[in-house]
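There's a structure below that I have some questions on.
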Amino acid sequence: MATTTPAERHIESASDQSREVARIAAFSDGVFAIAITLLALQLDVPSGINVDVWAELGGLQSSFVSFAISFAVIGSYWVAHHRLFSVVERYDRRLIWLNLLSLFFIVLMPFTTSLVGEHGNVAVSVVIYAVSIALAGFANTGLAAYALVGHRLCSPSVDEQRTKYYISRGLVIGLVFLASLVLLPLGTSVVEFSWLSLIVIQRVVRWRYARPGEV
Amino acid sequence: MATTTPAERHIESASDQSREVARIAAFSDGVFAIAITLLALQLDVPSGINVDVWAELGGLQSSFVSFAISFAVIGSYWVAHHRLFSVVERYDRRLIWLNLLSLFFIVLMPFTTSLVGEHGNVAVSVVIYAVSIALAGFANTGLAAYALVGHRLCSPSVDEQRTKYYISRGLVIGLVFLASLVLLPLGTSVVEFSWLSLIVIQRVVRWRYARPGEV
Amino acid sequence: MATTTPAERHIESASDQSREVARIAAFSDGVFAIAITLLALQLDVPSGINVDVWAELGGLQSSFVSFAISFAVIGSYWVAHHRLFSVVERYDRRLIWLNLLSLFFIVLMPFTTSLVGEHGNVAVSVVIYAVSIALAGFANTGLAAYALVGHRLCSPSVDEQRTKYYISRGLVIGLVFLASLVLLPLGTSVVEFSWLSLIVIQRVVRWRYARPGEV
Amino acid sequence: MATTTPAERHIESASDQSREVARIAAFSDGVFAIAITLLALQLDVPSGINVDVWAELGGLQSSFVSFAISFAVIGSYWVAHHRLFSVVERYDRRLIWLNLLSLFFIVLMPFTTSLVGEHGNVAVSVVIYAVSIALAGFANTGLAAYALVGHRLCSPSVDEQRTKYYISRGLVIGLVFLASLVLLPLGTSVVEFSWLSLIVIQRVVRWRYARPGEV
């Protein structure tokens, strides 16, 4: 406890780093958990006593769809973040700020979800929603690339295939949401419908890059 | 640290899995904690300066009852989730998404609670409230069944009795809320009153399946 | 890993229990953290473009005072909870539900704080606020008594003095808030002013019961 | 398990302390995570069906800027808190309350951010915003000074340079926000613009005090 050799200090340091990385992950989990729960706050309960509840709830349909999509998107980003941080072992200033940048766009999602839920037929709402999701994806990819390329902040046991998979996860979501905007002239609902393609596309990415058992 | 035999790698892997399962549980806890705290946000403070506060609070009675019921329901689901994850040792893609599905219905509860609090005398509100709680229960049962049947993701020391108990917990809550809807022709307050039967029914289930000391 | 003697199983079980107690504490911390942060949501930003911001903020004075009081109250309860769970080693069904009961009153605090902030000059608001805080205190005392008396769920190393201190913490806060209501005929601000006595009273309790270094 | 010598008890005690410090840090992380996520709640979605969404969003520009600034400020304070608690090993009553005091100003930030977002052209809003951020910084510095000076609550391995760095972090942010108010006669936007100087100033502080690799 009193004196430590440089070698011992290095071991302590590694364990400290890993504890601090866990705290960064826990803070991020908190933000993900709060953002995903706040999504439902945008669902407005019909007010007034003699209101026709059934008719009013019909008007919430679009809000509910955007809530469900955003839930799936935040869920996907959380899984990607969770997997990434399971291999991150060290951290530095840039990792922390890249992580905060990717959380910035997650924190925006209750707002953009509410916007597209209430004004989903207006092109600008759909553009803002898709672009902010895309930026979240690119930030996640930047984070993964920074941590994994050249094993900068991860264990040397992370192989190239896994690195590619983790880097591509956010990128694919981002590109699909960005690309969907070319369909805007066909109407906002066509754009929104096209997002379902992610279910197939993510499966292909997983089949192409993920090792068996990888999540 | 440098080279590990396959056997060592397997041990590391088990400890990593358990760390990742803990992070999934912690994220879920976050969602449960936020949803249960947001329930109280639906209690509207009377606004205006010369308002009759006492009379206005009387109008909140129904909101307060629905708040208390939902608090107990989320509490029950959290206890069930907490118990389930105390025996889960591994995870895969399906566990994560089944878990997110069960959280989806928890996240909806502040909205449905607010709906039934303000429009509890309208049948459609009560139906939506009961169905969403039932779906949360069935999702919890699906999650438990997936993890425990055939010891897919839990320790082999989990015996059949405990598996049955954990699977039945969400199911029982879900069935009671669903069955309560047959009482709708008798009025919405009869339905709401029938939910109290859960206190007895859960006790019977516990007495039938739970081992002594089980929570 | 394969076969364990009963003795080994007991050790595992103790470590499992302690892990689960930690998860209960973490869930509770989440609720405390969210409730304390939501307190500030009741501070309404003046709306409108040509509004006199300075005058409007003056109207928020009472809301700000109630926010600060509630922050200190939730903080105190959190410290008491934190200290209690540092000695709890096992758990059972009753502990979980007593804990949920004490969280129930914490979750109510953003509502009651907002009520007393906006209608602090109305007796009924002050009564509801003081009673709900008192109930939170009594629930905390019930929780502590259940866990510590006869060392039911704590380590045998917890001595009688510490048990008394932990049991009295919530009780004292609850009694002071309850007793303050006898001053209601003198006006609501006298009641609110009397709460400051807690600063002295808690110091006396600590001086009487707490061991040196105890928090 | 049964009998422990005083020396053993001391070791247990140190490990207990470290576990409790971790719980204080986790609670604080929760508050930081919630406050940073609630910042986005102030972004009001334009309401009404035939509203000009694009024009309405233009009116949100100032709210968005204040949201981004506050996100960066809370992020900075969280990093400072995270670093500080990575070296804190023990705790006492004062540390807990100094920590709660610093969280008090973090909890205020969604309110002050909303205030400056909606009334950023009114001097009083900018003053309140800057002063509350400054107080958060000074509280953080007080917390760091209390824990680190004379190694009161940290490991003896924390050297003087690191102590200075950790104490100066909150102080610098606080001083810059406070000093910015002398520019108020030049207009509120000049004040807001001057906050960008922090990017340079923090870099200088880091270059002057931080050891290589320090975050």
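Letters are used for the chains, namely A, B, C and D, taken in the order the chains are written, and counting of residues starts over at 1 for each.
The rule is short, and it goes like this: a contact is a pair of C-beta atoms (placed from the backbone, for glycine too) under 8 Å apart; a residue touches a chain by one contact, two chains touch by 3 or more.
If you're wondering where the values come from, they're calculated on a predicted model, not measured in any experiment.
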item: Chain whose Cα centroid lies at the greatest distance from that of subunit A; value: C
item: Same vs different contact residues, subunit C with subunit D, by half of numbers used; value: different
item: Turning angle required so that subunit A lies on subunit B, C-alpha fit (0 to 180°, nearest 5); value: 90
item: Inter-chain centre distance, subunit C versus subunit D - centres from mean C-alpha coordinates, in Å; value: 24
item: Interchain centroid distance [CA atoms averaged], subunit B/subunit D, Å; value: 34
item: Residues of subunit C whose C-beta touches two or more other chains; value: 26, 30, 34, 38, 41
item: Partner subunit B, residues of subunit A touching it in the complex; value: 25-26, 29-30, 32-34, 36-41, 43, 45-47, 51, 53-54, 57, 68, 71, 75, 78-79, 82, 86, 213, 215
item: Complex interface listing, subunit B residues touching subunit A; value: 16, 19-20, 23-24, 26-27, 30-31, 34-35, 38, 41-42, 91-93, 96-97, 100, 103-104, 107-108, 110-111, 114-115, 118-119, 122, 124-125, 128
